[in-house]
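In what follows, structures are represented as structure tokens.
You will see subunit A twice below: alongside subunit B first, and alongside subunit C after that.
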Partner chain A sequence: MSEQSQAVEIGEYQHGYHFPDESVFKTRKGLNEDIVNAISHRKQEPEWMRQYRLRALAAFRRKAMPNWGADLSDIDFDALYYYAAPQEQQSRRWEDVPANIKETFERIGIPEAERKFLAGVGAQYDSEMVYHSIKEDLSRQGVIFTDPETAVREHPDLVKQYFGTVIPYLDNKFAALNSAVWSGGSFVYVPKGVRVDVPLQAYFRINARSFGQFERTLIIADEGSFVHYIEGCTAPIYATESLHSAVVEIIALPGSRVRYTTIQNWSSDVYNLVTKRAVAHKDAIVEWVDGNLGSKRTMKYPSIYLVGEGAHGEVLSIAFAGKGQEQDTGGKAVHAANHTSSVITAKSISKDGGVASYRGLLKVNEGLHDVRSRVVCDALILDETSRSNTYPYMEINSDDVSIEHEARVSRISEDQLFYLMSRGMSEQEASLMIVSGFLDPLVKQLPMEYAVELNRLIELEMTGTVG
Partner chain B sequence: MTERVEPAWMRTLRSQAMERFGEMQWPTPAEEEWRRTDVSRLGLDSYAAAPAPKAACPREADPGTASGVIRFDGGQCTEVALDPQWQEKGVRLLPLDLALEEFEIPLYKLFHDAIKEADNRFLAWHYGTWSHGAFLWVPPGLEIAEPFVMEFAERGEGLFSAPHVAVVLGEGARASVVQHIRGDETADGPMGLLCNAAVDMHLGDASALRFCEMQELGARSLYFRHARADVGRDGSLRHVDAAFGGRLTKTRVECSLSGPGAEAYLDGVYYCRGDQHMDIRTVQHHRAPRGTSRAYYKGAVASGRTVFQGLIEVATGASGTDAYLTNRNLILGETARSDSIPTLKIGNNDVKCSHGSTTGRLNAEELFYLECRGLSAEDAREMLVIGYFEDLLASAPERYRDDALARIRERLHAPSAA
Partner chain C sequence: MAHHLQVRDLRAGIAGKPILDGLNLDIHPGEIHALMGPNGSGKSTLANVLMGHPSYAVTGGSVLLDGEDYLALKPSERALRGVFLAFQYPVEIGGVTVGKFLKRAIELRGNGKGMNVTAYIKELREAMDFMEMDQVFINRYLNQGFSGGEKKRMEVLQMLMLKPSLAILDETDSGLDIDALKVVARGVNRMRGPGFSALIITHYQRILTQIVPDYVHIMYKGRIVTSGGKDLVETLESRGYDWIKEQYGIEEEANERAVSSR
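Entry: the complex of A and B
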């Protein structure tokens, strides 16, 4: 065992490229009404949004910190910047993206070929969209893919109708914080019957010291439509703690299907406290694919409220907790209608003293029939100092249900290692192969380029090298 | 009437417990373990202490087929019987108050540790106010097949009682205990009886204890129970509990595998009907290497609400741990509500830990099959429900198993009469 732990040292954080902070407009540290008003003013928002932010700020102050989950006592809300705008106006074309930002993206390794594949890139530098393009055919189909600031200006009716309806600012302290200071993110509207064939993607980065990033994403899939949204993020390394607290709301109207994929690879000083929730109406399907590799502490439980008959929800969650990391992740399914089904699959790996926790909720409301759900959690612990916890909550209030839950925690089996090593692999190669096999069912669910990226990241985490 | 005179060390422990009681508040739903069981509207402070029992001088009796019998009625010990062959070999079955002098050393340790670790007000309250109880000591190396029977009839509307059971097994000893807690019509008023029970078990190295508890309090009563077991090297605990009565029950069974190679099996059945609320917690705490533990709880919920919260906790040094936790809930009625929360906290990589939970109703195909074979719908249902519980009770002493299955049958035929 000891040989193995030596062999799988984590390498230097390879995405830690940091460029001088060139933000032009930045609020001072801390949070109060003046700062919220300044953000709202800077964004030239209508009065209703400013009022919404102020109400959320009041809720943020009232709400208690969660008394469960990861240890958040290090967060000093007064020592953070809540808003910084980048130096450039929003670009139209890739060529207009400032050179240093391009260089950052280059180093994260967005391949040239992949860029062509992208339908539209909403790449976020600090809090604003700096680059944004939509393929013309999507625009023709009436798909709206923009940042939420633009949506507030150009599509106020849609925003008013749905914004904050899935995750009200009273939901929890961090949703309240996001609602008060949100900046950037994505707004997606897919009209009736439209199928978006290529995934919509946005890259997020944090690039100002002690700067919290509070993006806000709202996805509305109208009847019978389909969209796959992909969010990936990686951030430069800093000594001071950063806070990332996003809110993602999805409305899947009758018969639609929404898939939301996240590969989170924040640097190891970021608190990643995110509220993600979807509402699935009649016969709608919502899938969350959630990979958590980075950050210091993550608390994230993508949720699906199955409110229409025949709705189906799936959550696939991967967590990798390395040195100093705490991944408190999972998924929630709330069944509020007949003939609904859900599947939650979670896989976690903890290593070098990391803590991986699965935390989930499965709830069946009263008086329902034909509700099915299955929750499966598997955890691998790679060494003696790492921890794994499982907290699955199941609240069943109906009788015509079929609920199954399983969880397993184990280490890499010595039999498997022995077998592979007797075939000529080194212990390190064998461990990597077993870990890749363990994650394979999830990796398969990712689009090809993400699967490649994820495999590379796992390899990096396991061996300290790539290739 | 003789005034009860306790040794000074027990009086000191009681006042320490009451001091902790005074410092603590009643648990609130803000605490995870109490989130689903709100005790704030139960008027806990309005229950009066049951009248102090006389110093126990129970009549001697014949234990029958059991190895020993001890009976309490309204807190008063009425009967103690111990098979003479075990008496001669040093086995002791006594009312707890009569055991304090002879067994000061083990009892002081049990009570002292329990008070130190008490993490809620009910526990501190119990150790400060325990009113009556039974004590069993089995000397090292004795193997006793027939169970020791402990019967507690708790009575009194608006009163609280705090029965205690302490079992200490010497090295290599083997024994089994069947404990019954019953209520009667004297506690059928609106408040019922508040029974705040605790069990402390100490299993010496390589000893084996089977402890079976059955709770049949009245429909209005409140039942709080905390059972703790400390299992030594290569020791083996089998704990079974069966919950039937009470308008609200909140129980916790906690085993600590403190010696290498220890094992613990925590089994339980519960049947919830009417407006009953049952909240059951199990803790499998692995503190030493190579421990094995299993928790297996099965419930049927006709109406009312059940909560099962199980925890496997593995300490950093407890390598070679093998632990499993299963909870199954059979939903028999439309208004039934059942929460299942099996959790794992693992601090070690050399482990095999898993849990499973299922919630569902009777299989329609199986019912159909039995009805095709000529069974009435009611008989088919009974057969399936009894079959569901039977495997879990298979290893319990016969009398206990038969009693438990009889309670389940009664409830199947009277689904709402709680």
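Entry: the complex of A and C
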């Protein structure tokens, strides 16, 4: 990337700043058994977790890179740092968080959001959660919201029962990598019948250069419970690539409902390769709302395995591919029980040469009845240099199913722009209004604060271009 | 602010095909002009050129607004000077509600001054009642799923709300039943006054019994071939467009022959 274009990028991306790397502990570049052992040792983990990591490392080495999707050939696994601890101990109060880190989260607006409308907040800086808190009334009801390291120590039975069950480390190369070097993330347990009415949020920030962030999230919603978890992410802009490779597992037990919302806004040098999967048991509902802006390459397909009768799953995917970006996103629904239903709605926008691809899988296992699914993907292409692809895979092995699939690709029409301009809007504002309108049906489903944030980010993407 | 629009020897076309062929027109403040003519005579082209549609290219002549070069202005600048086009085929804008869209369009006219949202909603509701439109339209996406008549009413509603000083209505009457036509005409008549002028483009005379024009122009083959008062509408009604074709088509062919024989 030339100096000039980088300067332009910084102007467009608001979170491109960084503070000096003041990690209190950092592994050296590259990855091997020693590094994995060092991470495990620093976390004072039980032996079973250390062994798990080492098995995952072996799987990572064995597994091939995906031979489909976004171009990942530039990733140099030896050039990355896999672990950096920003401070010795996690804080329960923002006052105790080191000044630079606290300022970063202040700029992003996390403490303010916590005061205003969140039930709990986790804030991760490089490898570790630097802050974690949950409202007292929720912890009194038995809700656990903590980092997974603490969960390994304090709730080993729950962790052993569920960790790695939805996404085994053998699943894919990046799930294996995460399982070997995971650090930070969230552990959520909502007891039977408890409703967490306001969202829990975790925020992930990369500060170090050439860094790999591998948070691990495990959400267990016990019978009849409800929780809404929100994840946000940003990173500075460096000339070198960083890697974000998370694993998120959700277990929605009978009658529970889990909503997971991501507004990802990584800087343009981050490879974002994330595996997210949920299991929905009898009458459970799982909803993924997945907003992907920024990053260099994203590959992410939130999935739902509908394993209990009456389970319902929804994926709402929004992708914005700008200059130099490739968003390979979508969703998967696997029906493994009768009377299950799923809806996948994907909207993508590509601009300034960006590539947005929808990739989805709809699978219905053999011998099922009363299965319904609807897959709708809409792409909006803003100029001649940008592209959109659609890869909808379907494996339907039962007869008593109702499947709807729609895919549309559209370009902003000259007549639409002219109509809005004839009412006094500049061409830029007219395009922005059309794009916002295109996303509106999805944005409306976000909590208000996040709808506002997403609209603001889209506006930046649309108007930030320096002539 | 009222405007004086001067169109001089205007030539324009689309995709290399010439359509306007030396058109002249003067609209003074407060005047209502009707532009009539058979299909294909270039009426809608004139509307689009006056609003600045990018597909149309002006190849000659000039348009002045209060003596200044009007064609150099972008569509948005023309709109902010008070020019309005009621589209023949309004496009659908998904995801953008009527209420939000109109609010923004009005804001833009306010030179960045804050608007009184309560007063805006009140005025919008009143204007919708006047246009006999259900208030649920405020929260519907702009023109999406609207019937032809609803789209036309929405155009006139926008005109009432944006209060242009010069409105061009491009076949706003076509496809309307008589009741809808009356409502549309009522909207235009409400705007009438010294600070408002209009160019009403129509194929039929019936709207001109509801909106009585000050001047009537007949367009044929890209130019205005005859102009007059409202009596011209009656002449046209009794004699039909064939009269125009016979009179001006033959004359034109004669001219063409004269030119080619030279």
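Throughout what follows, the second predicted complex is superposed on the first by the 445 of 467 C-alpha atoms of A that agree within 3 Å, B and C clash if a C-alpha of one lies under 4 Å from a C-alpha of the other, contacts with A are read in each partner's own complex, and residues count from 1 in each chain.
By definition in this document, a residue touches a chain if its C-beta (ideal position, glycine included) is under 8 Å from a C-beta of that chain, and two chains touch if they have at least 3 such contacts.
On a predicted model such as this, the values are computed, not experimentally measured, just so you know.
Subunit B and subunit C, once both complexes are superposed via subunit A, fit side by side. After overlaying the two complexes on the shared chain, residue contacts for A:Ser426 are found with subunit C alone; subunit B is out of touch.
In the superposition on chain A, contact is made by A:Ser398 with subunit B only, not with subunit C. When both complexes are overlaid on chain A, the residue A:Leu170 reaches neither subunit B nor subunit C.
Applying the stated contact rule after C-alpha superposition, one finds that A:Ser436 touches subunit C and leaves subunit B untouched. Once the two complexes are laid over each other on the shared chain, residue contacts for A:Asp383 go to subunit B alone; subunit C is not touched.
The superposition of the two structures on chain A yields an angle of 70 degrees at the Cα centre of subunit A, opening toward subunit B and subunit C, reported in steps of 10.
When the two complexes are overlaid on their common chain A, residue A:Phe418 makes contact with subunit C while staying clear of subunit B. Taking subunit A as the reference, the larger set of touched residues comes from B, when subunit B and subunit C are compared.
Once chain A of one complex is fitted onto chain A of the other, the partner contacts of A:Leu72 are absent, as it touches neither subunit B nor subunit C.
Nearest C-alpha atoms belonging to subunit B and subunit C sit 15 Å apart in the superposition, given in whole angstrom.
Comparing the two interfaces of subunit A, the one with subunit B and the one with subunit C have no residue in common. Interface residues of subunit A facing subunit C in the complex, by the touch rule stated above, are 413-416, 418-427, 433-434, 436-441.
Taken together, the subunit A residues at the contact with subunit B in this complex read 67-68, 366-367, 379, 381-411.
Of all residues in subunit B, those touching subunit A in their complex are 30, 32, 316, 319, 329, 331-361. Interface of subunit C with subunit A (complex): residues 51-55, 74-76, 78-80, 84-85, 87, 90-91, 93-96, 101, 104-105, 108-109, 141, 158, 162.
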